[in-house]
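Both complexes shown next keep subunit A, but they swap its partner, so subunit B is in the first and subunit C is in the second.
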Partner chain A sequence: MISQAAKESFERIVFQAARTRLTMNPAHACEVERAAGHEPVGRGTSAQVHVLTIVSIGFRIVLMLQFADDEATRSYYAGQTANRALPEAALEIGNLCCGAINQQLVEHFPDLGMSTPYTLSSDCMGYLDELDPVHLAAYDVTIEAAARLRVTLCVCASEPIDFAAQVADVHESAGELELF
Partner chain B sequence: MAKILVVDDSSTVRDEVAGFLRKNGLDVDTAIDGKDGLAKMKTSPGVRLIVSDVNMPNMDGLTMVEKIRGELSNSAVNVIMLTTESSPAMKERGKAAGVKGWIVKPFKGEAVLETFRKLAG
Partner chain C sequence: MRRTTLRSNRARMSARVGKAVVLTNSMLALAVTAAGAVAALAAFVAYKRASLCALREHSEALARMSGAHDESKAHDLALLAAEQMRASELSAETQRLSDALAREADALAQARAALAEAQARHDDLLAHAARIASEAARLKQLAATFERWHEQMISLMAQNQDMHRKNHELARIVNHVLMVSLNASIEAARAGAAGRGFSIVAGEVRALATRSQELSKSYRDSLDRNDLVTTATFQDIQAGGKMITAALGSVESLAQQFQSKLERNST
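Now for the complex of A and B:
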């Protein structure tokens, strides 16, 4: 149902989106590593998972972000702007990350639609297999050797998926005004 | 003073965009979704520029613009979409509704400030 090229493409796209959208400053160091499973990050993980979906005619992508519930992560994402709570900041960070994935995918699948971000209990992570995904991958992200989160990508398909994405620099046009 | 209406369901984005524009001397009001934005357009005739997200609960940004043009018969207000969406189909729908421009998030205020001033003037 999903080709190896498509799996590798999804991985390249997620890596790129994580590095460009999960950092608060493009100059910040961002390490992305493939995780062994899709269980929570570990002790200190938030009880919530922030979820977005990208839907096309042939497949549905569920992107889940679990932020570590520790001071370093809170300080990195929420501490830099006027006492924002981490869950509130996490929703918009997730939205930007999913948007970057969507931007890359729309080059191959022009019929995509994206959800607004929503929050679920992280207990849901134990039931992802119930969605019968054709591709399930998790990545541990560490920023500035301090802030941590896990990004999980779950792809469910109703028809074969085969594409090869060469990741473009999503920073190129983001933030620029395109006048009609 | 001409007013700008910032419409986004994310308080983070509302604070960021409205805060930046206010800091630069512009008069800004905010709305939490398309439904709220439409309601504010009914009672705030001074709005000259709307900066709106696309994906929002209750009413999305493009539907809001279509209703402003249709139900409110307001063809004068300028509209810029500020969104993570970049699909050609979405942009085409925006163009058809009379959207003036499109920005893919994240918001980079300095890059658009002067254009916003002109559109709000």
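Now for the complex of A and C:
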């Protein structure tokens, strides 16, 4: 249902989006590693997960971001954006990240749509199989060796997916903030 | 000319007659006769010569005139033949031009018919382009439908959150009942034989509280599962609506561009 090339392409796109959109400054160091499980990141596990969806005609991608509920992460995201609360900053950051993924995918799939973000309990992450995904991958992101979050990619498809994305630099204006 | 010759002959004869008078009268007559004969012969010869000369000149003139006539006739015939050939060529050319004109007229009629057909097709395409643009614009109103689904899904999610809160409160109550039943069991044990009946009741209450706790946990799991599926479905509908709206916008834009191009071509 999904080719290896497509899985690798999704991974390259997520890596690129994480490095360009999850950092508050492009110069900040950003490490992205593939995670083994789907549990929230340790050291102050997050009770919430921010969910966004990108849909195409033949598939949908559910993107979940779990920001670590610790001081380092809070001060990185909330402290640098006019003292906003982390959940508020997380919604905007998640939206930008999803927008970057959408921008990369639109080169291969002309018909795409992106949802607004929604926040759920992290307990919901245990039921991803209910979505009947064809591809499930989780990535641990560490920024400036302090802020941490987990990005989970859940791809559900009704048609075979096969494409090869050559990731280029994402334009700075990508992504839009859409809130409920 | 002949008169001139006769006069000279008469003069000569008069001279000779004069001489013959001198000779003899007999000889004179003979001489006169002979002279007359000679003169007549000479005159005749001269006449013949003159006639022959005239005849020859006449024949020559006639021959020249005949030659000239023949030549003129031949020339005229040649001219006539050339003119006839020219007329024939002109006739053929006229026929060819007439045929060509007929063909051109036919082609023109066909071109006019084709032009009229193309114009009709063009008008039809223009009307279709306008209809497509209009339909696409109308279908973009589906966004209102997507917005309605959006609101309903928000309402559904709010209900889920309310059920989470109630289940959480229920779980707290059940935990409290469990603690109370545990305390009751402890107090019943302290009471000894008098508290035996109460101990049985406390045990039942604890068992019910434990089952309620398990049920509450199961209910919470169901709500979590429901949250994820509902949210994913809601976002699928919402993003799908945006995808369809964007696609319809693209169709509308293309139809308008096509319509504008057709209108520009028709002017």
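Throughout what follows, the second predicted complex is superposed on the first by the 169 of 180 C-alpha atoms of A that agree within 3 Å, B and C clash if a C-alpha of one lies under 4 Å from a C-alpha of the other, contacts with A are read in each partner's own complex, and residues count from 1 in each chain.
As a working rule, contacts are C-beta pairs under 8 Å (C-beta built on N, C-alpha and C of every residue); 3 or more make two chains touch, one makes a residue touch a chain.
What you see is a predicted model, and the numbers here were worked out from it, not measured in a lab.
Novice: Looking at the overlay, what does A:L112 touch: subunit B (first), subunit C (second), both, or neither?
Specialist: both
Novice: Quick check for you: in the superposed arrangement, does A:I2 touch first (subunit B), second (subunit C), both or neither?
Specialist: After superposition on chain A, A:I2 lies in contact with neither partner.
Novice: Determine, under the contact definition given at the top, whether A:A72 touches first (subunit B), second (subunit C), both, or neither.
Specialist: neither
Novice: Please indicate which partner A:E130 is in contact with in the superposed arrangement: first for subunit B, second for subunit C, both, or neither.
Specialist: In the superposition, A:E130 contacts subunit C only.
Novice: In the overlay, answer first, second, both or neither for which of subunit B and subunit C A:T53 touches.
Specialist: In the superposed model, A:T53 contacts subunit C only, not subunit B.
Novice: Have a look at where A:Q103 lands relative to subunit B and subunit C in the superposition and call it first, second, both or neither.
Specialist: In the superposed model, A:Q103 contacts subunit B only, not subunit C.
Novice: Pick one for A:E92: touches subunit B only (first), subunit C only (second), both, or neither.
Specialist: A:E92 sits against subunit B, while subunit C stays out of touch.
Novice: By the touch definition above, which subunit A residues appear in both interfaces, subunit B in one complex and subunit C in the other?
Specialist: Residues 111-112, 114-116, 180 of subunit A touch both subunit B and subunit C.
Novice: So in the complex, which bits of subunit C are touching subunit A?
Specialist: 154, 157, 164, 220-221, 224-225, 227-229, 231-232, 234-236, 238-247
Novice: In their complex, what parts of subunit A are in touch with subunit C?
Specialist: By the definition above, subunit A touches subunit C via 51-57, 60, 62, 111-116, 118, 120-121, 123-128, 130-131, 180.
Novice: Can you tell me which positions in subunit A touch subunit B when the two form their complex?
Specialist: Residue list for subunit A touching subunit B: 21, 81-82, 84, 88-89, 91-92, 95-96, 98-100, 102-103, 106, 110-112, 114-116, 173-180.
Novice: Would you tell me which residues of subunit B are touching subunit A in their complex?
Specialist: 9-13, 15-16, 55-57, 80, 83-89, 91, 94-95, 99-108, 111-112, 115
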